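So, here come the structures, one by one.
Common to both upcoming complexes is chain A, partnered first by chain B, then by chain C.
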Partner chain A sequence: MSIVTVQLGQCGNQIGREVFNAICSDVHGTHGLCSKKENESYRDACKERFFCEEETEVPVARAVLVDMEPKVISQTLSMAARSGYWKYDDRSRFCQKQGSGNNWANGYSVHGPRHKEVIMNLVQKEAEKCDRLGGFFTIMSMAGGTGSGLGAFVTQCLRDAFPTSFILNHVIWPYGTGEVIVQNYNSVLTLSHLYQSSDAILVHENDVIHKICSQLMNIKQISFRDVNQVIAHQLGSVFQPTYTAEGGLHYSRNPLGDLMETLVPHPEFKMLGLRNIPQMPENSLAYSTFSWPGLIKHLRQMLIANAKMEEGIDWQVQPPSRLLPPLQPFPNRPLHFNTSIANLVILRGKDTHGVDLGSFQDPSLYTSWLNPRDAFNAWKTPRAFNKYEKSASLVSNSQFLLKPLDNVVGKAWNMFASKAYIHQYTKFGIEEEDFLDSFTALEQVISSYTIL
Partner chain B sequence: MGQYKEVFHPLPPVLYQLLIKTIYSVLFSIIFFFSDNQIRFVKSVLWYHGYDRPELYRLPSDGSAGSRELLLAFSWLLHRLSLLEQLLARNRVKTGDQTSVQKAITEIAPEYGLEDRVDVRYLQWLNGRLRFQWRSLHAQHQELCKLLHKIHVFTSGSHMDQILGHFSVTETDLVRQPENYKQLLQLLESETMQLEAFLEWKQLEPVYWQWMVMNQTDFERCSFLDSNIYHTLFFSFPFFLFSLQVKTGGEDLQTEEFSVAARKIQESVELKLLDLTYLCAEKKNKMHGSCRLVFRSKHPASKTGFERSIFKEHVSAVSATEVIRELQMREASLDRELKQLREECRQRLDKIAEGLDGVICISP
Partner chain C sequence: GQCGNQVGCRFWDLALREHAAVNKKGIYDEALSSFFRNVDTRSGGDGPDIYKGKICSLKARALLIDMEEGVVNEILQGPLRDLFDSKQLITDVSGSGNNWAVGHKLYGYQYRENIVEKLRKTAEHCDCLQCFFIIHSMGGGTGSGLGTFVLNVLEDEFPEVYRFVTSVYPSGEDDVITSPYNSVLAMKELNEHADCVLPIENESLFDIVNKIHQMISSGKLGSTVKQNSLVTSSAGSARTVQEKPFDAMNNIVANLLLNLTSSARFEGSLNMDLNEISMNLVPFPRLHYLVSSLTPLYTLADVNVPSRRLDQMFSDAFSRDHQLIQADPKHSLYLACALLVRGNVQVSDLRRNIERLKPSLHFVSWNQEGWKTGLCSVPPVGHSHSLLALANNTCVKPTFTELKDRFMKLYKKKAHLHHYLHIDGMEQSCFSEAISSLSDLIEEYNELDATKGGPRTDPSRLEIAI
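Moving on to the complex of A and B:
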């Protein structure tokens, strides 16, 4: 079962390349820490998912590259080919001569419709190459021009053309003090449009990843490449093959479907956050040992306290005690406690079979209308990922993104109230009403997540 | 008649076993050990299939009595569900190319009372899961079709049967792993034996029914005349009534009541016959149930179907385009129905919202 990746804009293309890099180097690495047979199954499952096997050449990534400028795409293509382990299909790309100038409306209303047929043809070709299409994975930034506007439009086209496929949008949340003045407008428009066509929106916040790079990875001069590599590692830890059922004999052939089913069946709640531990510089790995109880404990507290990484966790935050019958909401819930709808924990490496995940099945972690049996799932594999002897990831549909979302919508609304920069959008056909619709939609999402 | 009672006495457990084995092998695929749970199970399955003779359900649950009732129930199942035909169909050697076409069944959704203990968000959650599972299933089906297509295309022109033209999945697998031919041969031989046994049974069948008539006709006449069990038997075996009359001719049964009842039965049988002819005419060209996919390169994507029953001598073929068109029409009508229901719901919500102060209703 294969996933077709759509890399949108500069951000999307650069991250996409790092993701395929991370996956490929993981597969070819010798740190699997498992039997040869297991390693082979893992490799085969991974290949089916992300690559197309050509006869004599290196595997070709199942991806479509879209950008308005040619520079980033050519860079991406050549860097991939240079690795020697994998490459992109040269024909699977679309770019134009000029950019869209960070203008969401330009990307959505002008470039999108203009180039829809060409782009969708590329996607269709990739989809047909798959024996079984497992869904689409798009990568884009939320706040830029091409990535966000065009990306929102392309997602809509994907939904129209493939009504029964799974669509997962990976979006990069911009730096709070970002450079683009209208980034909040772009974010609001992107999110509200994605919410309609996508099945799930998986978010990485630039600020958070930046902190991980500086505090955990000890990188002094943080480049975009460093940030992208951390993101790629986290994504790889979710999408590399796993056994999704206890005692399963085969690696799951339906990762997107399984993910959607466990986390986002409710159409109101599509925002997913991602946490991965441990994270450390590669050269420290040899000197570190990890224990599953320790990792699980940290991961759980990260969930409850909404911590972005394993350092600086607030251990004071605790779940409320269960004094009330199950169907009542928790009125005495502490304000900074992160309530979850559903959680997925993915364990990779040594001794995963014996890990006790009972602490994640505590009903007080979850909203009142869902019991842990429905809300919590765990995927495992004995095959270690990317040289980490043990690694645990958490994909969470919870209030992780409530505050950032509220922030962005608030700032955008303040700008909108004074009609600042609106003309840039109305110029290309995005009217004030469209803005209002977007605000309404996101307010609804905020409200739904708040009253959990 | 008394003699029969004595002879049958040790038979109930055996008959239960027979019923159970039949039910299990045809309707399920589980093997059990005999227990009183099974008696309840047998009764519930019969009930589910519409067997409405109360005497059977009054049988003791230790399996000690009731051979006559069980025999009747077995015969009813035999006829009603076409048990043997189903067994044969189930045990057929698979070609691997099967698919099934189901006619959509219109069921009226039962009215559920509002359960105020269930959060609507949980229902939405479950609905979403169902939707996603359906999508995964859909993707699996598409993959199956794609791979089947590959096999058909690659092997076209190789089959001995010119009409078919290409290999089935089973045949292709045999080419890949020739050492499996022994297994396949065994399966084919056992299927042939079953078919031969079936043909033999068909020849002896009238004897069985006559024997059934003989040991069933010393019953309370009222209940048997009203029961639809006997309607079913009458319907397929008109000589049942004749033999009944012959059998009971010796006794003084030519009462007014009896002839009235007999006429009633005759009329209902004729009505059912009419019904069936009408249904048959309607369904003549429609596919239902299992069929085999055959690839035709001249007419893109057409299907040839084999009837499930082995009685038909000719092969009825339906093209995929026909089936698709029919399903699309069905889909369109269901879509319209859904839209209509949604509109009604929306109007109801709007009316409610009007009555509330300060509330804006935003419909999805």
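Moving on to the complex of A and C:
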């Protein structure tokens, strides 16, 4: 089954390109560390998922590029074509000239309706190119105007036009100290709207990835390209082919469906966080070896202690004791113990069979209303990813994003109380009541995740 | 007016220089099309627009308006003459006599139709019109009076298009006695009809020019400064004759406009368009006055720039002597701040400097992390990187209060009022309304200042019943 990617706004398009790049270079890489047959299966599964094979040319990404200004899409298309390994379909793009001005209302209420038909036609075309449509993957930032506002509108349209398809929104959380002054407003409006139409929201935080770049990748002058490449690596580690059942004979063909099934048991809980280890500069890879027990141990502690990367993990944090009645809120439960609803671990590379993942099935990690057997799943493949001999990813529906969400809502509320910038939104049809609805919706989500 | 056209002339000259530095193949591209049309003049006269391919003849997307002919004529005889054609000019002979009423009421009424028609023509040549820039001075008659009349027309005829105004404010020692009247009358129009105003004070431009002269003539750095990197320089542009007295100062303003629009014209990893500037920096409709600063003022010729110097660029952006008005943003209250970086600067440099400088700046309680950032890959001519800082900061207040004081000094004695009142359409109420508008604006800034340093109580959040 194939995934159609919708790249929205500057961020969405810049990241989208890096994702296809990462996937393509992984497939063409010679560090698969597995049999030729395995490699071919992997490559075929990947191609089916993400690319459309043209007869003599390079594979074409299954993607629709949308932006309200032309410069980024031009750049994205030409950089892809220059790689020589893959490209975009030149016709699968839509752009305007004037941008959205970082204004969610402009993206949602003006550009959305105005360009709905053209954009949905492009999506329809891509969907028709798929033998079987596995769902939609949208990439956008929350901070600006196009990715956020138009992105929320397009997601709604996708839901209306494809009621039975899976929709996964990949959303970029902006730097806390600001890239856009009204980013908190835009974020609140985006998340509350996505919650209604999306199946799951997979989040990457710029601050976190930035730290990974500086502390783990040792990059001195970090550019957005560096940040995007780390994000692309992490996404690739989730979406490249895997076997979803132990002893499975074929690579899974329904990645989005499988993801939703394992991670989103209840529509109130849709926020997914992503961790991937190890992460290091490419030239260090040859000198490093890892053991699965070590990686699993680190990943589990990252989950429990809500660590954003494999350095600086707080090993003091432990799951609450099982001696207490399970439904009572644990009085001494450390506030930073991260309770999960569901977790998915993905292992790629050497010797993945037989890796002990029992520690992830510990019931004390999870909220009480799900059977831990159902709450945890593992996907594997012996095929190494992106030159990492061993790579472990965790996709988690847990309290990972509770604090960031609370922060964003808090800051937005603080600004809303003074009514600052509201006139910019009402100018395009988003009123104070719309803001209040969004705040209410998100406070509800925060509350639900808090009492896990 | 005179000021507007002289600054404008420098702007077009430096814009050509900037595009020439980037556009080596002479192809008419998107970047050029933001400011210039490409016209086929082979058949003589004004041919059709050419949208792609080689550059044939560039025409500025501009309207030059002056009620006396001297300045515009000079432009039309100078090296930039081919950039403009007669359909882009509106001139008269006698000038406005430094009288806002003459500019606004008399010439406004007389030339309205002509202005509207010419504006429509220039707009038709654009496939997506986003923004109007008005360049004028506040103290005279044409730029101030007719300029703000045009502002009104723009709002009426093109309500969806942003109106950015670059206004040169008169200094205390301005030799035009009635400049306070003209300025305050114009302020009311700016308050009500502009989306964003970038006030500029001649004193600040003058100080910057002096600073550079001193630095060069002190001999310490003189030989190693790249001439074309000076924010005051016309080096490498079309202006080959001896520079005029105001050229250096006007070049600064021209560079301001170039940097402001750089991210809209050229690519970068985090684009910042003009409508984003208005969106992020104007929290309340009337508080749309932005203090600007440009750094660096020059580049040394050595190629390796350690990050220390990069950080110095950020520090300078917040220092009093880099601001284009007499103001000290560091000691006043920020409502919002935008940083547009050009050249070889990455997001980590931005983040590092914001973290470093934040503690010493005061932000309003509801916008503690109020930063808008943009990264444009193409640096200005002669530089490897540069920074434009735009601040919505209460430090504009002194400019306005001094203006008000100077106005009241004249108004109390009714000095020169008759020159204004005998113009058709002018009444005493025009003056009282204008000063009232200015006073209200000052009061809004006062209220904000009063919150500075006060205790911070965040409003309580919504409670959800579980």
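What we mean here is this: the second predicted complex is superposed on the first by the 443 of 452 C-alpha atoms of A that agree within 3 Å, B and C clash if a C-alpha of one lies under 4 Å from a C-alpha of the other, contacts with A are read in each partner's own complex, and residues count from 1 in each chain.
One rule holds in what follows: contacts are C-beta pairs under 8 Å (C-beta built on N, C-alpha and C of every residue); 3 or more make two chains touch, one makes a residue touch a chain.
Just so it is clear, the structure is predicted and the values come from calculations on it, not from any experiment.
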item: Superposed partners chain B and chain C on chain A - clash or fit; value: fit
item: Chain A: partner with more touched residues, chain B or chain C; value: C
item: From chain A, separation angle of chain B and chain C (C-alpha centres, steps of 10 degrees); value: 140
item: First, second, both or neither for A:Thr440, with chain B first and chain C second; value: both
item: Which of chain B and chain C A:Thr164 touches, first, second, both or neither; value: first
item: First, second, both or neither for A:Arg132, with chain B first and chain C second; value: first
item: Which superposed partner A:Gln75 touches (first chain B, second chain C, both, neither); value: second
item: Which superposed partner A:Asn414 touches (first chain B, second chain C, both, neither); value: second
item: Which of chain B and chain C A:Lys387 touches, first, second, both or neither; value: neither
item: Which of chain B and chain C A:Lys350 touches, first, second, both or neither; value: neither
item: Which of chain B and chain C A:Lys211 touches, first, second, both or neither; value: neither
item: Smallest distance from any CA atom of chain C to any CA atom of chain B, in Å, after fitting; value: 6
item: Where chain A meets both chain C and chain B, residue numbers; value: 440, 444
item: Residues of chain A touching chain B in the complex; value: 1, 131-134, 164-166, 199, 254, 257, 260-261, 264-268, 327, 368-370, 374, 440, 444
item: Residue ranges of chain B in contact with chain A within the complex; value: 117, 119, 121-122, 124-129, 131-133, 135-136, 138-140, 142-143, 146-147, 362
item: Residues of chain C defined as touching chain A within the complex; value: 30, 127-128, 130, 266-267, 269-271, 273, 275-276, 278-285, 307, 335-336, 338, 346-349, 351, 354-355, 358, 365-373, 375, 458-459, 461-464, 466
item: Contact footprint of chain C on chain A as seen in their complex; value: 10, 14, 69-72, 75, 96-103, 145, 175-182, 210, 213-214, 219-225, 227, 409-411, 413-415, 417-421, 423-424, 439-440, 443-444, 446-447, 451
